[in-house]
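Consider the two complexes below, in which chain A is the common component and chain B and chain C are the respective partners.
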Partner chain A sequence: MKILMVCGNGLGSSFACQMTVEGVLKELGVKADLDHCDLSSARSMKADLILSGKNFESQFKNLAIETPQIFLDRLVDKNEIREKLTPFLKEKGLI
Partner chain B sequence: MEVINFIVDNILTQAPITIGLIALLGLVLQRKSVGQTISGTFKTILGFMVLSAGSAVIVQALTFFGAIFTKGYGMQGLVPSIEAINGQAMNELGLGSEIALTLGAIFIVNIIIARFTKWKYIFLTGQALLWMSTICAVFGYYCGLRGAALIVVGGVVGGIFAVAMPAIAQPFVRKITGNDDIALGHFCTVGYVLTALVSKLFGGKSKSTEELNLPKGLEFLQDTYLSIGVVMIPLFIITAFFAGPEFCAKYAGNTNYIVYAFLQAIQFVVGVYVLLAGVRLLLAELVPAFRGIAMKIVPDAVPALDCPVLFPYAPNAVIIGFVSTTIGSVIGMFLFPMFGLPMILPGMMTNFFAGGCAGIFGNAAGGTRGAIISGIIHGLFITLLPALLSPMLADIGFINATCTDVDTIVCGLFYGWLLKPLLGLF
Partner chain C sequence: MEGIVLNEKNVRLNVKAETWEEAIRIGGQLLVDNGCAKPSYVDGIIRSVKEYGPYIIISKGFAIPHTRPEDGAVKIGFSLITLDKPVYFDGDEEPVKVMICFAATDSKTHLDILKMIVEFVEKGYIEPISSMHTLAELHALVDSE
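And then the complex of A and B:
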């Protein structure tokens, strides 16, 4: 499974988010391929799930990406990420 | 002796290899598997060389733009782009290895300060550290420092900035996020603190921006490449129009000069895109290694993160900060040349990210009215500082570009105004 973190520049906050997600997945015992990129590139990247900030929600609607998306209020909050990620991982049968 | 000469000439002065070795060291210290170590080292070197390739593209587009701007308006206009400064420092000035080693030194000094003082900030915004190490290396060189002295001074100065900037922002960040879990690691902090203070003065107890209903139309500017394009395309086309078809033909050949200008504007965006893709590859191994090592040595570390981490806390303030900063930077563009300073064109990427974050600070300190007034002041401030730094950059040999992030500029001014005269005494 591949999870993609997205922000405007694809450098700072998406990367910070990725490192937090990595920690959460480790705790949950799930193995996944993680990467981060900018909004323009997100459309052409293959992923099973996209994680991004709430402020990007409307832009993703415009891009019409089919990949499931989760939008976060706080990009580096372990609890929020765990809470929002768990239903998706359960659905995929990973936990 | 020959062996040492070989190492110095072919390894330590070859920037991609130097940075690869730093990554290798980080990976080994983390006890990664052989496969991960090889792939991580390779990707870091790859990233560094992609970055150089992007910079060459930027320089080409900027050379064209500089020529038509001078011809069209009879004056020099500088594009604020820290990416272009970084690229030129690595390619034209050949300071790549110094920059890479200074980056490593900043990591070390940051960890030492966080370990032994009460300021527990670990600066994790890799690209900001890369820009900071660029400025430290460039201005250290300008001051006459060479070799180990340049790297040690750069590491100490940059390392102090990496802790001091999150520390001065923290009272406001605490107010915004409601806790001390994260800090702000973005080298535009001097501007944010100024914005917050101005906002406090003028805003009083005005209503928070988040109670407003704002149009969502400007959100697309969060997309970096779109926001650069939105400004660069009209700027190139209008400038080419004033420069005239005969002058542009030198560059455009048989292509229509307006079409050529349009394509060159996009070429500039391409350069930034490639350069940042290189930065992403370059940092993918370095930042987690730095984080892993730092967290082991400084158990109660507070990570200082990139500014968009704060954006979801006050999305309206981001838009207001962006618009008011842009207004301020446009006023500054026309105002400062009257005082004999060079004309600084508005840098939309900085206006969005730094302006947006300034809006959040302004709102936290003085509500909507405060955010608007202080945003305009912020726009003037981030136009004034690059203008002050640009004569020194021109001295060093940079083409048509100046720095953006104000903390890196303050660092440059510190080198140029204080360190250089001091070193001149000896």
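And then the complex of A and C:
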């Protein structure tokens, strides 16, 4: 399973988000491949799930990417990430 | 936090700024003064916020202004500023009190700075940092482990 964090420049907010996701997954005992990139690269990256900021939601609609997407209010909020990630992980049978 | 030094060159506490743009210019200028970025990098940060919205606010009251290396990053580095009066960004209801601006030369090697950023959030440091007055107070908190 691969999770991709996406933000405008692909090196700050998405990277910080990746670190927080890493912590959450560790707590949940889930192993996943994590990476981060910018919005324009997101289309060509293969992933099972994309995590990004709410302000990018409309831009993602325009990109028409088929990968499931989760949008966050705050990219480094462990509780929000855990809450929003859990249903997806359950659906995938990972927890 | 290895490789991370907070000193009088990269920290400014209780900075006066009326707008988010002004605040970013102050934090960004520290990057320029410390040889981490060209002035064009600071313009790039502001352009990036205007283009993508305030996604640099990664946690309550805390923003990490940055942009692409090609906008004028020279070497890896950061600055930390706190605002005397919090500043609002368009599209976000909560004002920002603490900013860590950083320059990165690619998408991975500034790992130490990002680690510090995430650690500050996860340890709940942002709120206490926002009301500090001296660098010594900051060191007392950050070096306490």
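Going forward, the second predicted complex is superposed on the first by the 95 of 95 C-alpha atoms of A that agree within 3 Å, B and C clash if a C-alpha of one lies under 4 Å from a C-alpha of the other, contacts with A are read in each partner's own complex, and residues count from 1 in each chain.
Here is the rule we go by: a contact is a pair of C-beta atoms (placed from the backbone, for glycine too) under 8 Å apart; a residue touches a chain by one contact, two chains touch by 3 or more.
What you are looking at is a predicted structure, and each value in this text was computed from that prediction instead of being measured.
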item: Which of chain B and chain C A:R74 touches, first, second, both or neither; value: both
item: Chain B versus chain C as contact partner of A:S40, first or second or both or neither; value: first
item: Chain B versus chain C as contact partner of A:L11, first or second or both or neither; value: both
item: Which of chain B and chain C A:G23 touches, first, second, both or neither; value: second
item: Contacts on chain A seen with chain B and repeated with chain C across the two complexes; value: 7-13, 15-16, 19, 36-37, 39, 53, 55-56, 59, 74-77
item: Of all residues in chain B, those that touch chain A in their complex; value: 124-128, 177, 181-182, 186, 216, 219-220, 222-226, 273, 276, 279-280, 283-284, 287-288, 291, 303, 305-309, 311-313, 315, 318, 352-353
item: Chain A residues within the chain B interface of the complex; value: 7-13, 15-16, 19, 36-40, 53-56, 58-59, 62, 72-77
item: Touch list for chain A against partner chain C, complex; value: 7-13, 15-17, 19-20, 23, 36-37, 39, 53, 55-56, 59, 74-78
item: Chain C residues touching chain A - in the complex, by the definition given at the top; value: 48, 51-60, 64, 66-69, 91, 102, 104, 106-108, 110-111, 114-115, 117-118, 121-122
